[in-house]
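Have a look at these structures, which come just after this line.
Look at the two complexes coming up: chain A is in both, with chain B in one and chain C in the other.
And now, the complex of A and B:
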């Protein structure tokens, strides 16, 4: 545990020294901070757009940070040969990998927390004004439900963190297999394919007249791909649906299983890798 | 095997054992994850948490729409912004002239795919198909296709936004005003009443029954409107008109006194020969009396008096088919073709009418 903690702490401190990650964070906070200025694009639906852009930015920039941080963790150590120094000490490869993972997870968490605070600040400042713009004629019905909104936003940011945990694991796994550029390409590819996982399910539907072989291929792809889209909770927020803790726990559980699975594959690849 | 050799191989075997165990765990986890993913997916569907852009639906749409959806998915969290920007692009296209109406349709479609909870694009796309593109062609079959697409778009919009009155009303209006299918119009207007709604929707139901014609229900709905909104001058006026002009003939028809009913409605038609509702009622009385040939004559007259009287055209097509009378292509109302398509009844049109 001590070894894991030390590797994690070193990873965390090193990550905060990386300028490009800081630049992404600053840019993300700026976008979130100015998200209200884009609200004019959908007159009458400003609040909806504010949430859409704010939470969308947290997800998007969180993903960039997780990927660009994760892919360089192992490959950099190998390229700079610093891994020899670490692995000759009483640190196993599993401990090294877990330390890297938890260190980058802490970095991602702190970044998401900062973005989340920025979003909450903008929301608290601008949302009341936008809420007043809702149709005053109640006979026409509310255009946007504000019920459960604050709790749902917190839950949405929490789920984004779970999603980024899976993305970080994926980036680290890619880092054990490829050079960092290849790892970036691989992780982005899996991330976007995972966002569209439902697509493969539809393609594999026999009711569409898909052949047996294609069904097997598409359903296998659907089964293997992490379903990243399930961590997007904006729909519930926009509809004002209450999301219970049990449902949230299922999402978290799914994220944890994906993470363990991906890290395990990463570890198996790392075990065989000549360093 | 010597002892030193065995000592050398043991760590290798351990390593291999670990690897095998690791891959077995990977497979086990992959199996375990499936029911969990299914459960999460189920709950997301039930709670309405599914992603706004259902990329899964790409395969059902035309290729130009795909680019928009893929862009939306690639942008991840920015579907709303992308939809808004595309909408601005659509407005530019729109302002550049009607030669771009098909392109506008594609862009509107992209917007509905990117942000299906934005109601405006659904409404405008449905209207654009059912009204603008409809009049761009003179071919009744093509018109029926546009009309069907317009209706389908609004129904799809409702499937994404079932909790607000707006798209139900829009669909009801399209059935009422464009298709002149008053049965369906009342159905969708009534669906809109489940949600907070403006007062005119109840009145639209009454108007639809009036035109059907079903005067009893029309009066019931006007009475309901007046009970809810006693100052509704439109409902007051409509009730008075119905009672004075048409109700006597209607009551006589209900009593089975068809000739007296025809005489009564003719009293009004003498003063107002082009009265659409009166003509519809007269044709309806003939139909109730089982005199389809006379009903066809009146419907034909109504259809010729007003090119907009699609209900009359539909009835002409329906009764002509029933009586085996020839029918010109001009008399084929798109709504009739649409109805035939919806009912999946093969359209029996005499060969020469197709020419």
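And now, the complex of A and C:
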């Protein structure tokens, strides 16, 4: 545990010194901070736009931070040979990989937390005014109440964190397999393909006249890809749908399973990699 | 390798030094066979508690200063608190970095990197220290200091495994060496034995050889080489050398140099590598 903690702490501290990641965070906070002004672009739907832009930014910039942090973690250590002085200490490769993962996760979490705080600040400042503009007729739109929205936003940010946990694991796994540029391409590809996982399911549907071979291929791709779309709660919030704790727990559980499986693949690749 | 000695692993580029070192350190795995050190299989975490490693041209997390760096590496051994602070201070003083302990690694010179690299290799007070090219790229003063540090480690009872191709650096400090070529150990043993293997031989250089009985000299000597107007000969003993010297003097030749043959590690190395190349 000590070794994992030490590697994680070093990863966390080093990550916060990376200017590129800091720049993404600053940009994200600026976008979130100015989201209220963009909300005026759609009169009558300011609140929706505010939530959409705020949560969308947290998710998008969180994804950028998770990917650009994770993809260089292992390959950089091998390239710069800093790994030699660590793995010759009583640190196993599994401990090293877990240390890197938890250090990255802590970094991603703190970045998401800062973005979340920025969003909450904007929301608390602007939402009451926007809420007055919401239609009073419940059939014409979602039921908005302050408590309801605050709770849903917290759940949405929580799920975004779970999603970024999977993305971080994916980026680290890619880092054990490829050079960092290839790892970026791979992680982005899997992430966006995972967002559209349902599309592959549709393609593999026999009712669409898909051949047997194509059905197997599309359904396999659907089964393998992490279903990132389940972590996106924006639509539920915008529709005013209540997301229960049981549903939330299912999604968190799915995220944990994805993370463990992805890290396991990364570990198997790293175990056999010459350093 | 004997405990408490400095052992040198030498070999030309591509001979397998780094591979051997990485295998011993558990950084790569053998495709066949196995190895044990201190009774532990290579790569065993317990074995790693008893070793230290200074890589060639070491890289470290460059945002840390010397104290933070040693704290990080000490933490990997579960060290902490006052014991780690005391050990760090002791090592930083030993490698001459105590007064520069606040400087970040990114601002280090090559010599400073080697010094802090040695300090991190010793943080766990290891019994066996692996040093890969510890003097490469250092100025003469720093090289001398690094050699002194290695001798200090030996005097403290530690075993030093030195991997280098700088033979002149190794010869004065190594107790024993192994010469590696094409993945095989060609010569190994105590350095004094390897250098003494030509003991008793004599070497002579002469000029003015036009009228000398070359065939007779060739028969008397172990080796005869002609370079321009100069002939270099190697004799089995002093008597053979003196007999040849008389013939040379009678034939009008001039003796430039006559003396006992001495060998350097470089001579042994070249011979060993050449013998490996012929196989």
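The criterion applied here is as follows: the second predicted complex is superposed on the first by the 262 of 275 C-alpha atoms of A that agree within 3 Å, B and C clash if a C-alpha of one lies under 4 Å from a C-alpha of the other, contacts with A are read in each partner's own complex, and residues count from 1 in each chain.
Basically, a residue touches a chain if its C-beta (ideal position, glycine included) is under 8 Å from a C-beta of that chain, and two chains touch if they have at least 3 such contacts.
Because the structure is a prediction, the values reported are computed rather than measured.
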| item | value |
| --- | --- |
| Partner chain(s) touched by A:87 [first = chain B, second = chain C, both, neither] | second |
| Per-residue contact with chain A, leading partner among chain C and chain B | B |
| Contacts of A:260 with chain B and chain C, given as first, second, both or neither | first |
| Touching partner for A:236 - first (chain B), second (chain C), both, neither | first |
| Contacts of A:53 with chain B and chain C, given as first, second, both or neither | first |
| Touched partner set for A:206, first chain B, second chain C, both or neither | neither |
| Which superposed partner A:128 touches (first chain B, second chain C, both, neither) | neither |
| Footprint overlap on chain A, where chain B in one structure and chain C in the other make contact | none |
| Contacting residues of chain C [partner chain A, same complex] | 25-28, 45-46, 48-49, 51, 53, 55, 57-61, 63, 72-73, 75-78, 117, 120-121, 124, 130 |
| Interfacial residue positions of chain A with respect to chain C in the complex | 2-3, 5-7, 10, 13-14, 17, 80-82, 84-92, 274-275 |
| For the chain B and chain A complex, residues of the former touching the latter | 15, 18-19, 22-23, 25-26, 29-30, 32-34, 36-37, 39-41, 43-44, 47-52, 54-59, 73-81, 84-85, 87-88, 117-118, 163-165, 195-199 |
| Complex interface listing, chain A residues touching chain B | 38, 41-42, 45, 48-49, 52-53, 55-60, 63, 137-143, 192, 195-196, 198-199, 201-203, 208, 223-224, 227, 229-230, 232-236, 238-239, 241, 243, 247, 250-251, 253-254, 257-258, 260-261, 264-265, 267-268, 271-272 |
